[in-house]
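You will see subunit A twice below: alongside subunit B first, and alongside subunit C after that.
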Partner chain A sequence: MSGAGFLLDLHRCVGCGACVLACRIENGRVETAAWRRVLPLNLRRRPSGPTYFLSVACHHCDEPACLTGCPSGAYEKRADGIVVHHEDLCLGCRYCEMTCPFSAPQYDEAKGVMSKCHLCAHRVDAGRLPACVAACPTEALQFLTAAAVPPDGAGDRVPGFADPAGCGPALRFLPPAGARRSVLFRSLEEALKR
Partner chain B sequence: MPALRTIRTVCPRNCYCTCGMLVTLDEANRIVSIDGDPENPATGGHVCLKGLAYARRVTYADRLLTPLRRRASGAGFEPVGWDDALGEITQRLSRVRTEHGPEAALYYEGSGSHGALGGLAMAFWRQFGGCTTTFGDLCWPAGLEATRLTYGDNRHNHPSLTVQGRMILLWGHNPAETNIHQWRLILDAQAQGARVVVIDPRQTDSTDGADVHLQPRPGTDAALALGMASVIVEDGLHDSEFLDAHAHGFDEYRQRLASFPLERVASITGLEPEAIRGLARDYARTKPALLIAGFGLQRHSRAGQTMRTVALLPALTGNVGLAGGGWQYANLASHCLRPLRLPPEPAAARSIPVSQVARHLETLDRPPIRAAWVERGNPASQNPASHRLREALARLDLVVVVDQFMTPTAELAHFVLPAKTLFEEEDLVTAYWHPYLQWRAKILSPPGDVRPETEIWRAMCERFGYDTSYFPGDREAFLRALLPEGCAATLEDVKARPIDLSENGDVAFADHRFPTPSGKVEFASDEAAAVWGVDRVPAYAPAAEGAESPARGRFPLQLLSCKTRDRIHSQFGNLDWVRGVERPHLLDIHPDDARARGIADGSNATVWNDRGRIELVVRVTPGIRPGVVHVLEGWCHDGDPDVNALTAEGITDMNHGATFYECLVEVARA
Partner chain C sequence: MSGHADHRSLVVFTSLAIAGAGLVSASAYFELMHGLACPEATAAGAVLLAAGLAVSLSHLGRKGRAGLAARGAGRSALSHEALLAGLALGAAVVAAGLGLRGAPSPIATAAAGVVNTAFLVSIGLVYRVRGQRTWRGCSAATPLTGGLAFGAIALQPLAVPGGVFTATLLIIAIDALLFSRRWRAVAGIAWPEAVPANPWMIRRTQLLAARFFLLDVMPLILLAVSPTFLAALVAAAGLVVDRFGFYALAAQHTTEYEVAAVEMQIAALDPPAQD
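Now for the complex of A and B:
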């Protein structure tokens, strides 16, 4: 992880969706698809797996597939790692929709262009937190600046989240604790330790 | 950069959090952001998804902006001007009063929006000669009364002290979904080493984050509490010093414990004896231990006595009056506004229990109910026996509903009057988890033809030729006069920040003075016996439709209809933003119960009892206790199942509450 991104504490996140709504308000995503979404893992609470929520948007990857696959140069990776999309350069070809393994870019039917989370670059540039992070009621979703060192125990993989294309998403996880870690999950972890 | 302005206000929903909010508007009065008020330490500078959803809600396309009148054909509504609407309502109300008397009109107010001005409707009804109102409360009254009988008052520690708990015992409480700012504090306590224990028949987002989860049979909490107390006393883990000085009736209570040995309690609750013993010892040995009870364990007919047994555990273990410990149910510190000035109460006032509106609409005589005015509520979906309530409302001569959106209740109205939102009228808002009085600012002018309820009632008084001096002229002056007696804060202070109205500091009962008849914590209460006719020492008794009921032969499953994060009862569920983040609406059933009925995950099932029948999609989950099924309440749009078609019109043993969770059903493949 070489630039700015998110840290998600899977123990503190209760999947409430406040981040999704805060993003909608901040970025004028009123009647269009939301840039951020909450993916519940194990809604049936099967004891064979952990129960937690992945609040995800764009991961501002080290190697952004959206950018490399864009024929019109509409994507830019800023020096601080934030991947921004320039609507005025976008052809609406939707290649990025296919190349991004995380489904971050959203097609805007009305405008005929793509759009995606820009990590609230306008807020970050003004020294403020991204809207989703500022709104998180349990402080589960956190902002990592380009210079930040993720806290001890933070990892880049959890069940339910993969990086199949090797994009290097700038997203780190603090693992679930308490009962969220199912029996099997715990025993796997213990098995791995041994 | 366009000029932005930020205004401090408060969310008035019927919710623990009562968040302080900062709303930022642009020059065109569009909401550009909604943030938490950092001056409210309980909510910690955050709101929740519902608070954020106001940015969508106030300008939502479905919002009612003009009065509506039912078409002459009976099908659908047509817009109508205020003059015509109020003129016809006046005529019809007058006719009802002439033919049947004033009590033939029912005034029903729900909990949809909290504020001091809500009570001004009575300025009209008292001059009308009276009406029929409701008494009691659908939600929490048994727990309030049990707490009052036990400790003398409903107060608890300041929320910020939650982080000092070494053990946090959540009993029938699910703050990760219904009190999210408290959950943040609990997570902070847990991160500092506190154990979080949850007692809930269901697996919830709170139990997922907890360290220990016990799943008793619903309605058996009193047995569990008495069983824990038996272990604590047997092991000598009770706080004799505290009890000697501050307990009333402890010896009688101690004798009562003999009837609740561990094996019996295990068999009633369906828990392992060792789990009960372990929890009891852990709770008694940990100080400070904070016991937070939710509303969930008091939604049945034995609610008050149950809550007394649970409320006594902190006293038994000397966990009262210390930071990080205590009994926490409701904090009414901010509930001390002066009463509104109202006309004298007329002789013709009549009142019915709020959990039995359907029954009374059907059966009341001399006079029967012929008209209903509904405000801040949606009884056709949210009250017990909702299907019968709908039929009864549909038979009336006049139904007026004031709301922001169409609801199942509004669909039955003759007139639907458009209601303001929280941003469109000033008010003072109290809370029940934190001790803050907060100012609800007027941020926006009501859109379209919307009028605040105060103005609707003023106009009604004018039409009837009544005294209108009860209504505010200058709203700020009016609200200033409601500030509590002896309150050091001015209205300007309340507008500047949330005002803590605790009279006794952050730690409730730190002085060990209990305003009960004995001046002590009442393990035995003569008052309980005198007022409610219950045993002076609380005990467990099986409920008529509980885990041990003979009715389980035909209806073997206990139905719970709980709350979650994305709604306050039936509010917010109409919004696309909320629908986009909500969880699926399913009937949760244990794999054993599903298998026995041949029901597969994702299939349709019928849920029924002698009161009603609904259809739902099933989610087979090992997270729910066998013998218990669950569906979220509050869904009332687009063909949503009407869970209250199944619930009974029971009344709690004290303080006139409802019994939503005392509901046996059977489930079959549809």
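Now for the complex of A and C:
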């Protein structure tokens, strides 16, 4: 991870969706597709698997597939690692939608262009936290600056999250804590390794 | 690519462009290697290519910014495709124009053949996206082999038996071989993984078989009986089915897909129910 990104504490996230709502309000995306989404894992509460929530948006990858593929240079990776999209350069070809394995870029039918999470660059530049992070009531979603060192135990892989294209997403996870949840989590990881 | 995205314009664009570039490439090859000069075929290829490029604009959300597509040259496969599309059309128009005026130029013909072949390669490379599970491996080569197969089949009625027919058989055989590998790769994706994301996966066998028979098997049988334009029409239908199937069977490896796979794993971990 060479730039700014997110840390998601799977033990603290309760899947409330406050991050999604905050993102929608902050970025005026009330009626269009959200940039952030919360994916529940073990939705059926099967007793053999841990239940946790993946709050995901654009991961501001080290090697963004959207940026590499974009024919018009509408994507830019800033010095601090934030990947921003310039609407005025976008053709609306939707190629980034095909290349991004995390479904981060969303097509805006009304404007005819793509859009995606910019890590609230305007807030970060003003010394504030991204809206989703600021709104998280349990502090499960945290902002990692380019200089920040992720806490001990933070990993880049978790069951339910993969990097199939080798993009190097700037998202780190803290695994679920607590005796039962961590045992279930580890058993699931082992099962997936096999 | 998400399953709900509208791919109609992409199907029409790539079908027309692949057919056009394949016709120009095959025409150039047969003219230079077998002396089968047919500027009308090159002109027809240029028309198909131009129509395809016109349709491609309809896919863009901001058509007025189409010119910006070249900004990613050197980095973006889509920029390379856009640039080669323009060059392919220009080279085909020049080669066809010289041929129709009765002053064919081997250099112009060769340039048209090379640039149009490069364009077919670039179409395949655009879709070599690492996160797409069904666009890997031989899928990147099928626009080239399918386009050349269509072009060669379409030119058969104009040819005398001999080297041209042998070359056509070889092109069809290569296309059939590469497509069969793609078929195997797509068929190898487990049902429960693919179905929730893409309902076309349920009918993938019929879709892939239709493409195989229309573009490879049926034209071969028709050409063996008598080289007529019917074979070209069937091959053209095969190209459309090929492109439709290509987009319809897109299966992107997203986080949602990964979560679904883990859910299946958790279900498998469940202890068996006690009677």
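Quick notes on this one:
Operating definition for what follows: the second predicted complex is superposed on the first by the 179 of 194 C-alpha atoms of A that agree within 3 Å, B and C clash if a C-alpha of one lies under 4 Å from a C-alpha of the other, contacts with A are read in each partner's own complex, and residues count from 1 in each chain.
As a working rule, a residue touches a chain if its C-beta (ideal position, glycine included) is under 8 Å from a C-beta of that chain, and two chains touch if they have at least 3 such contacts.
Keep in mind that this is a model prediction, so the values were computed, not measured.
Under the clash rule set out above, the superposition-derived model of subunit A with subunit B and subunit C shows the two partners fitting side by side.
Once the two complexes are overlaid on the shared chain, A:L39 sits against subunit C while remaining clear of subunit B. Once the two complexes are overlaid on the shared chain, A:P47 sits against subunit B and subunit C alike. Look at A:E26: by the touch rule set out above, it reaches subunit B but stays clear of subunit C. In the superposed model, A:P164 lies in contact with subunit C only, and not with subunit B. Greater residue coverage of subunit A by touch, when subunit B is weighed against subunit C, goes to C. By the touch criterion stated above, A:R12 is placed in contact with subunit B alone, subunit C being left untouched. After superposing the two complexes on chain A, the angle subtended at the C-alpha centre of subunit A by the centres of subunit B and subunit C comes to 130 degrees, rounded to the nearest 10.
By the touch criterion stated above, A:G127 is placed in contact with neither subunit B nor subunit C. Using the contact criterion defined above for the overlaid structures, shared-chain residue A:Y107 touches subunit C, although it does not reach subunit B. The gap separating subunit B from subunit C in the superposed three-chain model is 8 Å, by closest C-alpha atoms.
Counting contacts by the rule stated earlier, residues 43-44, 46-47 of subunit A appear in both its interface with subunit B and its interface with subunit C. On the side of subunit C, the complex with subunit A involves touching residues 1-2, 5, 59-62, 65-66, 68-72, 75-79, 82, 126-127, 129-132, 250, 252-256, 258-259, 262-263, 265-271.
Those residues of subunit A that touch subunit B in the shared complex are 11-12, 14-18, 20-22, 24-26, 30-31, 34, 38, 40, 43-47, 51-52, 131, 134-139, 177-180.
Within the complex formed with subunit A, the residues of subunit B that make contact are 31-36, 46-49, 52-53, 55-56, 176-177, 180-181, 183-184, 187, 190, 196, 203, 205, 207-213, 565-566, 576-577, 580-584, 601, 619-623.
Contact residues of subunit A toward subunit C in the complex are 39, 41-44, 46-49, 54, 56, 65, 68-73, 89-95, 97-103, 107-108, 111-114, 159-162, 164-166, 187-188, 191-192.
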